[in-house]
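Paired with chain B in one complex and with chain C in the other, chain A is shared by the two complexes that follow.
Coming up: the complex of A and B.
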């Protein structure tokens, strides 16, 4: 899986600093450590300052397994504990269906 | 904005088929509560996008976890859940699923989505070329294998040599959990299957060769899914035992005969 981190233009940020993570490929248990490390750096402020609003683009994710879904939930909770959010953006068709079947579409903010 | 794939999926999920399915996908499942729902989601999305009537069969193999409840609670009207009172082995689950399938084309696919369903069409193309049995292969030229452990590489490499030498099968990977059959081939082969464990694939391919069904393999992308239940060492011993059992069964005439026209295979 590829992960690209993009700082958002200021007009897309709300009160807090926002970052977009674009994921591509298969997001499964093999990839969660990498995702967790990158998200940790974002939330802890390594580099360009801490962000609490994280947009995770899933448009190019072909498949997501339960471990990766759990990691997204974990990330969402961490963001919300900091008064931010982890927002899922443009999930691909299979990812959207998987989110619906697991009822996680009700838990996440999806744009 | 409408999305054709999602629309097709929702129709499949909510409206019972009024015609016989063209495609049947069978997923054998044993204690797959952690993996089964995303796999169903991926398969349902892709298969619905093809625009043909299709059905999904989950053949539970006596799971002791919540696999069956999870699948039932999805309430997908064109998904059939087959239950077993006790764990009978992957081969028994696949056989139950395949023999219940109504499609003209029948695929069985592992519950971990290790062979992504997007490769379905590549196998169908070979059925359309006249083959009766098409095997997803991790060993054929062009296959893309990721995260495979060393033990499984050694295991499958050894198996491949052994099987080719002993059984002269026209495929280099007998164990990939992604195999497709015409309805006729599926009926004739799975009715004769007697091995219920890991080596049932080998028996099916042996029978296909014995009865002259045209068999080929298609290179696939395969990702070793974490949590695999395959213990390479244990399975290797069972596999060697089953090689002998298959030959012995055949010598005793246990597989019977078949009136399918014999085809010379290389």
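Coming up: the complex of A and C.
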């Protein structure tokens, strides 16, 4: 899986301390440690201040398993504990199906 | 007056010195210790080395921590003088340092009546290397031992966790039950359990997120909660059972950063009523004469959001005549890959279930057999759990 961290337009990022992560490929048990480390750095604010609003783009994710879903839930809870949110953006069809089947669509903010 | 030095005498003296050094090296090399205690092993080396060097004191430290000194009283005395006079300046005391990349050893030597020469330094370096090797061997041995103990404890805990899964199967007129869970590792997070209360079969099946022992330990907690929830909320339906379990384990799961996909169900063979509610668990298929249908989840997995925030959990209620069957599997089935990386998928499983109207035990065995055949040499990457509830005829059905 590829994870790309993108700076958001300054207006949006300054207002909400937002960061976008673009995920591509398979997101499964083998990838969660990398995702957790990157998200941890973002939430801890190493460098340019902590973000509380994290947009996770899933448009190019081909497959997601339950361990990866658990990691997204974990990240979402951490963000909300900091009065922020982890928002799922443009989930691909396979990801959207899983979110609907598990009813995790009720738990996440999806844009 | 000039002093004449006989070259032959000098050569002889040098040869004797070399010979003595070789003898000392031979004796040093003959030091053996069978102890795997690092302090004892280093003590054996230093005591021998003290004789070879005619030293009054030898102290060996690793990464700044003393492992052994040949004389505690003298060491304390010498440490004080050592503080005042740095090593290397006084000719009758010296130290050498050796490193093997992981550990650094320091050998401090003191001799009251003789200074240390170049040959002594080489010998001290050899002794220090030997002592450092003994320390590393000892530590490696203990790490291996601790690893073995940890693995044994892990294996024991895994076996205990798997014992939480019931080995009995409900025997109730009008219903035939198959349940089997094959963890991908020694322990898994997949679960199922049953209860029969007032001739009604209650059951749950689920999958704790994550893998291995942490998921397995959480699985045992969910099974305990389910067993209690059957008693306290079973008559109110599977949705109420899920809400009750959520009340008990939500915080526990949330604090651990885990969730459990969980379905609950009940089957009353007397009224032929099958009730199901799922919190993120699937796939769940119900198959009768009219064909197959999927039972969808109504709420997210337990541990994600408090279910009380979402309102009452609705049951799906079906009239399940003899021959109909409910099949609940974990994602370890649908996501199992073949050697080419192609997943088994829901459709293959559904086709098999529709084509094979067999008793529950035979059908369950067939599903596992087909999946294993499909996987071939591909690794089992996730736990596989299958629960089949099949309605069967009872005497009253046959005559009624």
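Before moving on, here are some points about what is shown:
One rule holds for everything that comes next: the second predicted complex is superposed on the first by the 108 of 111 C-alpha atoms of A that agree within 3 Å, B and C clash if a C-alpha of one lies under 4 Å from a C-alpha of the other, contacts with A are read in each partner's own complex, and residues count from 1 in each chain.
Assume contacts are C-beta pairs under 8 Å (C-beta built on N, C-alpha and C of every residue); 3 or more make two chains touch, one makes a residue touch a chain.
All figures in this text were calculated on a predicted structure; none of them were measured in a lab.
Look at chain A after the overlay: chain B and chain C clash there. When the two structures are aligned on the shared chain, A:94 is found in touch with chain B, with no touch to chain C. In the superposition on chain A, A:85 makes contact with neither chain B nor chain C. Judged by the touch definition given at the top, the superposed model places A:67 against both chain B and chain C.
By the touch criterion stated above, A:29 is placed in contact with chain B and with chain C alike.
When chain B and chain C are set side by side, the one touching more residues of chain A is B.
Shared-chain residue A:102: touches chain B and chain C both. None of the stretches 7-15, 25-33 or 241-249 of chain B clash with chain C in the superposition except 25-33. Overlap of the chain B and chain C interfaces on chain A: residues 29, 65-67, 69, 101-102. Of all residues in chain A, only 29, 65-67, 69-70, 73-74, 77, 101-104, 106-107 touch chain C in the complex they form.
If you check the complex, the residues on chain A that touch chain B are 26, 28-30, 62-67, 69, 93-94, 96-98, 100-102. Residues of chain B that touch chain A in their complex: 3, 5-6, 9, 34-35, 37-38, 40-42, 44-46, 49, 74, 113, 116, 118, 147, 223, 225-227. Only residues 207, 209-211, 254, 257-259, 261, 279-280, 282-283, 296-301, 303-305, 310, 331, 335, 381-382 of chain C touch chain A when the two sit together in their complex.
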